[in-house]
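Heads up, the next two complexes both have subunit A, just with different partners, subunit B and then subunit C.
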Partner chain A sequence: MKCQFQQNDACVNISGEFTFADHTAFREVANRLFQAKDHTIVVELSQLQFIDSAGLGMLLIARDEASKAGRALVLSQPQGQVKRMFTVSKFDELFTIQA
Partner chain B sequence: MFGLNRAVSAAVVAEVPGRPEMPSLGNDLRHDPHIDLLQSWMSLAEMQQRVIRTLIAEIQDTSGFVEKEADDLSGRFQRLALSAQQQTGRVESLTHLAASIEVEDRPVPIEEIAGLLKDTLGDVVAKILMLSKDSMAMVYALNEVSANIVNVEKCMAKLDQVNSTTNMLALNARIEAERAGVAGVTFRVVADEVRELSKATQALSVTMKEDLKAVIDGIGTSNTTLHRVATIDLSDNILAKDRLEVLLAAMVQRGGVLENIVAEAVKEAGLISADVDGMITGLQFQDRARQRLEHVVDALSVIGEALEENKRTTASVAPQLLELAPADLGWVAGLLDRFTMSEMRARFAAELLRGTPDAETHRHASPDDAKGSIELF
Partner chain C sequence: MAPVVDLREDCATRWDGTSEHTLAQSLAAPAIACIEVGLVVDEAASGAEDNDQNRLDLAVSIQSIYRQPIARAFVGAIGDRLGLDQELRDRILTVLHEALLNAVLHGHLRLEAGLRDTLGGVEASHELIKKRLASPDHSQSKVVIKARWSADRLLIAVHDNGIGFEPRKSRPEHRGSGRGLLILEAFCDSVSYQDCGRTVILGFEL
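Then we have the complex of A and B:
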């Protein structure tokens, strides 16, 4: 997984594969996102090719933390396998997903 | 025509103007053209009677043949109608098979099964997500505990340093108390107490290190187990729901198509049954045909009886007319030539020439005819 922050750290672009092996890196990414001042935090996924069940779990934890902090977590432009995983998991009922 | 031309010519010659009245019946009647003419009529009447008898036998045979064949056909159509009805029933049962399956003696619609599987798979996916989320939450928590343990280990190291210093201070205090002699007795007591306190603290530190090591080992084992669980990728299982939903949708669609086809088949089977029933009803024509032919036979019998009556009357008036003119075989041959069926021609030839119906030549006893054999010509 590769991460690139944008817009005063309120948006991060994740690319490659997002799996359990990335949990330490994503924890740091999430902490940095929540330090941003913006209300809405965006995780841009257009370059993400694969996500496993642990990756989904980490996004759900990030969502809970955003909710506790009164912030909104938006998942943007999922493609391919990631989009299918979101659809089957009904992530559209849990997150705001930008097509 | 049956020798009449010859006789008529003779009669015409005999009836020329000026000719005397009709010759009276006497010994020389054989050469009288009127007698020849009457004998020719009598012979024709005889042959007509034979023809009528043969025709009656032929009509009766044909009527019986038609009735038997019609009955046979009717029976076959009835069996066909029964088969069609049974087939309709079987096809209708297919409708239920296409739309549902039997589970514990209860029909369960395919759509209900698909919905149940969809709900179950959705529940499985939700649990997988919850498991993944909780696993990752535990991984995060254990990582934080591990960081805390590192801090505790640092504190323990500092505690050892403090304890070592305290112990050293107690030792120094004891040495100084010994130097002071009697004046240092009280100070010696304090130095001993501090040294004992240091020993107790050291013992406590050892115990804490041992307990901390056990905690670290336990957390390490738990972390290893949790990592093993958390790294199990369930994404294929999640996407299996997607594939199964596609398969279930296809199955439901196929069931719908099958149901429509079966419904069409039921409709067609119903039409076939109706057609067969109509054909059975239509085959009742043989009753009307038999009645009509009976009338024809009756009329022909009346005609035959009238001819016989005329022959008897004529014979009573002129017995010598009983000697008939020879049969006109050419006329018989002309009649027979009109028949294209050889067995019918043979039957007519035998009966016309013999003069009495031949029961053996009639068809109703023939098994081949009963099968509806047809002579091609």
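Then we have the complex of A and C:
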């Protein structure tokens, strides 16, 4: 998994693969996102090629932690396998997903 | 497909366990079976019903499944033999990856999904996984992947020698291992279980 933050730290671009092996990297990403002042946090996924059930689980945890802090977590532009995994897991009912 | 392991050591290549690259080399055609170095595969050879040209078997340790992209190397080897398109490779990779993780985390290590309700909990669960993987109890814990194919169908059986589970009782949860089973059903053309859940058979139309 590779991550690139936007200037205000409330938006991150995740690329490559996001799997169970990326727990430490994703926790660091989440910590930095939550330090931003913006209400809405955006995870940009257009370059993410592959996600597994553990990656989905970490996104759900981040969503819950954002909610507890009064923030919103938005998933943006999932493609291919990632988009299909979101559909199977009914993520459209759990997140705001930007096409 | 019978759930028994029928790897025949006399016709298997060996994988040194070091990297995806060396695994890809060990699985490259004309290999029909591969065993990770250090694993004892003690089941008797049967396999008389198998067409040797249409099969690929792999026996790997659970430690290697945790550390190396086993599913990706295996799907690459199958995909190259069958000339599979990227969409089907992605589907197979998705479910094989999930099936291997299920076999390790739940079949062998008996990890409880409830540990992973926070990001801190996820990291703590990985420390627990590493501790259990290092236990002498798991020095011979393995998973066997067996692929068989014909002109119109591919079957991949994933067999672990762990405790098994009851698929019908493992329903999808808000977040937990149940999602992995839901993914298997969505990405395969058929899914079945044998041997008290120790073997899952993933089917794909070609």
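We adopt the following convention: the second predicted complex is superposed on the first by the 98 of 99 C-alpha atoms of A that agree within 3 Å, B and C clash if a C-alpha of one lies under 4 Å from a C-alpha of the other, contacts with A are read in each partner's own complex, and residues count from 1 in each chain.
The working rule: a residue touches a chain if its C-beta (ideal position, glycine included) is under 8 Å from a C-beta of that chain, and two chains touch if they have at least 3 such contacts.
This structure is a prediction, so every number in the text was calculated from the model and none was measured.
Partners subunit B and subunit C clash in the overlay (superposition on subunit A). Of the two partner chains placed by superposition, A:76 touches none, neither subunit B nor subunit C. In the superposed model, A:57 lies in contact with both subunit B and subunit C. In the superposed model, A:65 lies in contact with subunit C only, and not with subunit B. After overlaying the two complexes on the shared chain, residue contacts for A:15 are found with neither subunit B nor subunit C. Once chain A of one complex is fitted onto chain A of the other, the partner contacts of A:47 are absent, as it touches neither subunit B nor subunit C.
Listed for subunit B are the stretches 130-138, 202-210, 256-264 or 292-300, of which 130-138 clashes with subunit C, judged after superposition on chain A.
Shared contact residues on subunit A (touching subunit B in one structure, subunit C in the other): 19-20, 23-24, 27, 50, 52-54, 56-58, 60-61, 81, 84-85, 88-89. On the side of subunit B, the complex with subunit A involves touching residues 122, 125-126, 128-129, 131-137, 139-140, 143, 227, 230-235, 237-239, 241-242. Against subunit C, in their complex, subunit A makes its touches with residues 19-20, 23-24, 26-27, 30, 50, 52-54, 56-58, 60-62, 65, 80-81, 84-85, 88-89.
Contacts from subunit C toward subunit A in the complex involve residues 90, 93-94, 97-98, 101, 116-120, 122-123, 126, 174-177, 179-180, 182-183, 186-187.
Subunit A meets subunit B in the complex at residues 19-21, 23-24, 27, 50-54, 56-58, 60-61, 81, 84-85, 87-90.
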